Amino acid sequence: MEARSLTIGAEESWWRRLREVVDRHPAVTALALLALIVLVLLASKGLHNVAQRGLNGLTLGAIYALGAVGLTLVYGILKLVNFAHGDFLTFGAYMAYLVNVTWGLPLVVAVFYAMAMTAVLGIFLEKVMWGPMRARGAGMLQLLLMAIGLALVIRYVIQFIWSTDLRQLDVNLTDTVQFLGLTIGRTNLIVIVVGFAVLIATGLMLRYSLLGKRMRALSDDLELAETSGIDTSRVILWTWVFAAGLAGLAGVLAGAITQLQPELGFELLLPIFAAVVVGGIGNAFGALAGGVALGLVIEWSTLFIDSRWKTAIGFVVLILVLIIRPQGIFGRAKVI
Amino acid sequence: MTEGGTRAPAVAPARRNGTIFEADGVVKRFGGIRALDGANLSVGKGTITALIGPNGAGKTTFFNVVTGFYRSDGGRAAFGGRDVLGHPPYAIARLGMVRTFQITKALARMPVIDNMMLGAPDQPGERLLNVVFRPAAWRRREAEVREQAMELLEIFNLTPLADAYAGTLSGGQRKLLELARALMTRPRFLLLDEPMAGINPTLGRRLLDHMQRLRREEDVTFLFIEHDMEVVMNHADRVIVMAQGRVIADGEPHEVRRDQAVIDAYLGSGTVAAEEQ
Amino acid sequence: MLELLTNPPIALTFQSFTDIDFWTSVGILAGIYTIFTLGLQLNVGFTGIFNFGQAAFMAIGAYSMAILVTEAHMSFWLSLPISILIAIAFGLIVGLPSLRLRTDYFAIATIAAAEAIRLFALNARELTGGAQGTFGFGDDWDSVSETIEGWIADIGWTDVPTLFPLFLVVWAVALVLMLVMSRVQETPWGRVLRAIREDEDAARALGKNAFAYKLQSLAIAATLGAISGFFLALNLKFVVPEEFLPIVTFIGYACLILGGMASYWGVAVGAVILWSVLEGLRFLELPLSETRIAALRFLILGLVLIGLMAFRPQGIFGKREEMVLGD
């Protein structure tokens, strides 16, 4: 056979090289993109506007992130597209309402109660529904439709009990706090502080604790984790505890700054899914970053467009990600 | 059948009829790993070529890249003079370059006969407009195709299973179905990924004889990945050896088995050198 | 105790069971959802693509027809094929970037697309009337309806519910479509779709352009969705975004599963049973408020979905082997 020179592909166009860079360093690219957006905003709308809306964005982003982290963990480990996740948020919000308004206890108690009860709900469903269905070898569509059915059950039991009347948690919605020339509602600030504190704690747990490492191992490769001696069913239970607990918290926080109605969680579900996809399914840090980024982008968009189109931004982001980089920033799984 | 188990008929040098396929420096990366590290090979028209090598050598990856299932990261490959890298799998299959899979892809919830008829090319009824506007044409072709399918099933001993769901077939039967289905496409160049795995020797010999006949009568070219050295030595015109993403030897079976690089590759990777019979 | 027997808290009115107005309206809803779900059957049952955005096509069909008639003053009859084309165009716009994605991503993408359409309809007030919606497109249909009433009266049946002609037309169309879909499915084209459902790579390796087939499947589902949208609009006499919430697609899936995947005729059975149950709750004159009854309906829908998935995923007519649910 004649020797042939090794030709390394077509001419290395700059476009191809750019794509390679983006592929190899997705996080840096995303950060650069965000920085670019911020610069453009600052230049066109001024620091005050950007910072002010940015604060609102952080409030929204904290809620999205709390919802997204739980959803992505369940999705990554159990391969379950949990359409009922939004209704975990609703459940949490109404549990808090029960404690805070109906029983008159302080909001702090309500928050813990809500998180605990939602976690219990998550565990219950895992034992009664998801575990048995997995054992039977249920396929993705089967689980997906079950999740949809479950979402309807949770939502409409709530509606049955509490009707569609708008309700409010016992929070102060008028007081504002001023700092650095910016104004923010007192409750919104609490949402940001609590939300990010929990997110950071969760992040640390996932990164450094044994449970966190095991959860990530299961997310990477469930079968491998099983054969390597990890008690997968316990890890799965703990995953549900976290996913449901965080969702419950997200619901309470969302309810605190808006009003409670049975559709509360479902309305947040699509932006939460968008955050999950942006971050890369199965990647909790990605979900966190995606949620916060999405909240910021949505609030900043109101600088340019009428606020009634706010929700549309979530879709635009989701669609763009699905077209340009469907596996999200941190995802590695084959998506195409 | 007297040819079973003996050496292949008069050695067909790779270039007698000309080259039907060539690969030049094909590269495929997975993250940091170069699964294909500049694979160069060519296959002569009407030949039966075996592609061997230790596990992880990149044989199946090579198949996947040149048939369009993986995107290549460099190099060129041409079938009948036409570039194939960067084209979708269905286009390459339509050119007449058809592959089978190592882990069979029987369409489990469809009957065996449907699996077969799917393979037939030029069925106008597969286009939506023709379904509506040219019913006679596709019904006629459907009857032809069914007949061809039944003939092939007969050769492969699968006739009684024609109406069974493909999912109920045994592993060996699925391999047969995979091969038969690929043959329905009237290919010019068949890339078979471990076609003999799980098939009993008698039936295996029958298959090889069928392959020989196709080669003789219709000039069909075969490139097959195989681990059974007996099959390779006795039925292949040429043997190509891959290791670590490159082709390390290429020649007639008896030359290759004595090639030091080949022996090293097998011993080095820990695989038992099966050619030491 | 005796009081409980003579005055049960739940009253079942016998008269309601034979109320023909009621059954006509149930029948129309079942018919609309039959057409709607035929599209899902093609996509999910026969092609293996999880289209969760079918409500979008229904919305586009309904809105396009309504807007073309009321704003562009087009003839009702001309607006129908044009609305179908618009729905198909949207299907292609959504399908082109998302059909190459993994099945679960495709499901998310289609729900997102459907919500995008609904939110657009809600917010583009000048075009769609926003939350108030569009109305006033029914005149042409009304005259047809009256003609049909006349024919029915001619054969001796007077006192026909006003919606009865619509009931007849919806089911006539549904039956024709079921027939067409069944026939088309039994062709080589249908065989390729089933192969794609089973194993897309195998189909590709045999020379089939899987992407193009999936796109065709989606386009046909768009057509069916749009047609169901027409009938929905004619039934309600107005078109509002609220009619196209995701739950609409979920109800379609419930009909699909109930009837059984991979059976077009089963879709009709599923739709009839489901809507009879959902609407039949009105018989039980429960001492509950409106919102509570509404909650109960969807609660039952959720339980039906869970129950079917857990205990009989192949539905009524599905074959255990053909169950598309294990993947």
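Here the chain labels run A, B and C in written order, and each chain numbers its own residues starting at 1.
Please note the rule applied: contacts are C-beta pairs under 8 Å (C-beta built on N, C-alpha and C of every residue); 3 or more make two chains touch, one makes a residue touch a chain.
As the structure is a computational prediction, the values presented were derived from the model and not from experiment.
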Farthest chain (mean CA position) relative to chain C: B
Chains linked by the largest number of contacting C-beta pairs: A-C
Distance between chain centroids, defined by C-alpha means - chain B, chain C (Å): 45
Length of the line joining the C-alpha centres of chain A and chain C, rounded to whole Å: 31
Centroid spacing, where centroids are CA-atom means, of chain A and chain B in whole angstrom: 46
Residue ranges of chain C in contact with chain B within the complex: 184, 187-189, 191-192, 194-195, 198-199, 201-210, 216, 321-322
Contact set on chain A toward chain C in their complex: 81, 129, 133, 137-146, 148-153, 155-157, 159-160, 163-164, 262, 270, 273-274, 277, 308-309, 311-312, 315, 318-319, 322-323, 326, 334-336
Complex interface listing, chain C residues touching chain A: 44, 50, 97-98, 100-105, 107-109, 111-113, 115-116, 119-120, 123, 247, 250, 253, 257, 289, 291-292, 294-296, 298-299, 301-306, 308-310, 313, 324-327
Complex contact set, residues of chain B against chain C: 67-69, 88-91, 93-94, 98-101, 105-110, 114, 117-119, 121, 123, 125-128, 131-132, 138, 142, 165, 167, 181-182, 185
